[in-house]
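Quick one: the structure is below, questions incoming.
Labels run A, B, C, D, E and F following the written order; every chain starts at residue 1.
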């Protein structure tokens, strides 16, 4: 069985993330969406909220699970027996950061393959921070996130 | 009448910004330089100081005005009836951020056109933060900003 | 009256080009689509065919005209009294080439402003050469070009 | 069974290509290396030579096959029932071209996933054309290609 | 005598930095590694620790010295009579920042030449912040830094 | 004595090239400008003309010489005992190609250092091919090349 891990902050999950997750679910037997807990960042949603939102949104997909981790991504991948690490690639991405992580992870865990999937063109501008900024100023985000996330954002910024 | 908005922090305005403003003033009937007030950032100059400096520096140009706003740029553009949003493009720019903003704004306000103008090559390295860093360490900034800004920077960092 | 020139090979015109032309038509009083005749390149459509296709496709737009030129773009712009040169900017563009041309043109004709407009995200991958390659191998191009161009491509590659 | 296609010119295959092929072979049940036959290009090795070299070099890998095709890559993928299209991503790549192809293919065959794998850092500079240029001028290429390819290059450029 | 300055935070020095230093030492009569003291950043190692580590690691190289400075790099270069400013260039670099600094420094001190040297491909992903993140989470960093730095990192994060 | 080689087509030499050559002449004891003879390209000026133009233009600089070569650049560097290979870096460069060459040359001749110098911002758009295109269409090139080159271009395109 081939397992893939899709790590990220998911603060909150966007339609762009969901697009990548569903693509990965077609390619691998099992996909674990892994919410990273970075003690240095101040997220809008707690780690528990982010996991819960993802679980609800991803409930219909049988080979997709949600987990969380602190520390190095490769350690989480080792623990769950992952063969692949999924990253979304957008025409508008931080390539340098992506490459640095991929090459570092290759050094740390050579048997783990970083697999870049490409988001749809219409999601190429989408990011969690942009969605939060929009929601903060009362902009409408329903084209960018699932309905549950829109509701949660409204609650946070009320 | 075609109105264009040129938004930014202008903390402080540089010769590169002025170059873009004067180019835009040739292309549009009215250009509104819009100082954004971001409550999360700590600017060197207050919003009032930045507006005042811009008003003095831009006084000779009849179809250029200065305003300020908080919140989404597209909301300001709607309020003033702008048809275009001006952005300066330098060989050395943060394209990803620019593209993300332009594509997001296109979703939020399809009738607003983001118009990229290109700064002169000799301004391609110029940024407000670089000017502040130079001035902080006592470097000479008179090639990079108008005389009024140089004076104000000296006062701040005295 | 502010005149803008949108130069290109248009071999053939794509939906991405049309998107840019209609945006420019909102910003300027008159837009001249200028088909460049490069004696060194071997186009699929003759210069006459390309002008004719553009004229038909752009007939509904009253402030848009079609012309052709050989030689330096700035010379054509001078002749027609253009104030702006329109270029489409895609997340996927040849920036280097665009910048080089814009900076060169600024040296050659300082009063002409290069204005970059951004194509819709869904056109960011679109190019004339890709469309021709698809059509050559019998792929369906109706999502990428106007119906007239699809028909002409079928005739060429029959 | 999940099938992946890895298309390319392979004129000739390099150690960088082999690195990507072996990574793909870990992720998919079957990998088909597909030599593209582009009638417009003049390759150094004929399509038959390229297929033969690949077959010999890849003989030890049981789930890797070699084929060839002319025309659109997506048509070949459809014919063999591929779910994934493999592309190597190097820190030094032609991203624009890669993105354009991936987004175009997504339009033409939405159920085919383009999967980008990242070559080892030490292969980031490696390309078939560089290898040919080196060999042409008598440079040593044994760090860049398998021994069989080195031998074939020496025969070609004798 | 031609003197070159190689400025940086070196928090801590990596094998990538050392690679660049030794290359510079072949090209110039004297190389001064200059640890910058930025009062706005919170480094892991104090300026004294960073200088001390560099001195120990670089002791074998006769034409390499270590110093420190606060303020503008060009002022330090003037003081020591440097003709060149060394910067490492990686396939994965922050080009925009590098270009901005180089062009600014050229304005401030035209007789100082910024010289970019290219790190080995296998160091292209290496950065001090990545090394610290790894060490913080207990990852092994011995492929990335000299043994002394590994020991110091273990002490810091014990 | 430290020798640097600055290779290129110089078809023809531009003010941007001269800027780089004079910078290199300050950093090295001897600079050899090496005109590459590529049998696959069709240059405007013959190899002899290009060498002659460079010799005339560079006559005032005592530690600068002009030579020519065919084949691998590293072989020429070995023959003349060069320690450094000079490359000009512009904000608008073909980085990928530059990186590929630098990393390849590092593999072929590890003791040769590729040294990137940065052209002035005002030359960032300048290239030999752009100059030729301008001259071909009768544009004025006197801001871009030395007077001798302008004269030679006029003769060629008369």
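Just so we're on the same page, a contact is a pair of C-beta atoms (placed from the backbone, for glycine too) under 8 Å apart; a residue touches a chain by one contact, two chains touch by 3 or more.
What you see is a predicted model, and the numbers here were worked out from it, not measured in a lab.
Student: Out of curiosity, which chains are bumping into both chain A and chain D?
Tutor: C, E
Student: Through what angle, to the nearest 5 degrees, does chain D rotate to match chain E on its C-alpha atoms?
Tutor: Best-fit rotation on C-alpha atoms: 180 degrees.
Student: Based only on mean CA positions, could you tell me how far chain B sits from chain E in angstrom?
Tutor: Computed from C-alpha means, the inter-chain centre distance equals 34 Å.
Student: Just the number, please: Cα centre separation of chain A and chain F in whole Å.
Tutor: About 47 Å, centre to centre.
Student: Any idea how many Å lie between the Cα centroids of chain A and chain C?
Tutor: 38
Student: Could you say which residues in chain B touch two or more other chains, in rising order?
Tutor: In chain B, the residues touching two or more other chains are 91-92, 99, 102-103, 121, 124-125.
Student: What are all the chain pairs that meet the touch criterion?
Tutor: Pairs of chains that touch one another: A-B, A-C, A-D, A-E, B-C, B-E, B-F, C-D, C-F, D-E, D-F, E-F.
Student: For the complex, give me every residue of chain B touching chain E.
Tutor: Per the touch definition, chain B meets chain E at residues 91-94, 124-125, 127, 130, 134, 137-140, 143.
Student: Would you mind writing out the residues of chain F in touch with chain D in their complex?
Tutor: So the residues of chain F touching chain D come out as 71-72, 74-75, 96, 99-100, 102-104, 107-108.
Student: Would you pull the chain F residues touching chain B in the complex into a rising list?
Tutor: Contact set of chain F toward chain B: 91-92, 121-122, 124-125.
Student: Which residues, counting only chain E, touch chain F once they are in their complex?
Tutor: It comes out as residues 2, 23, 26-27, 83-84, 89, 91, 95, 99, 102-103, 106, 111, 113-118, 120-121.
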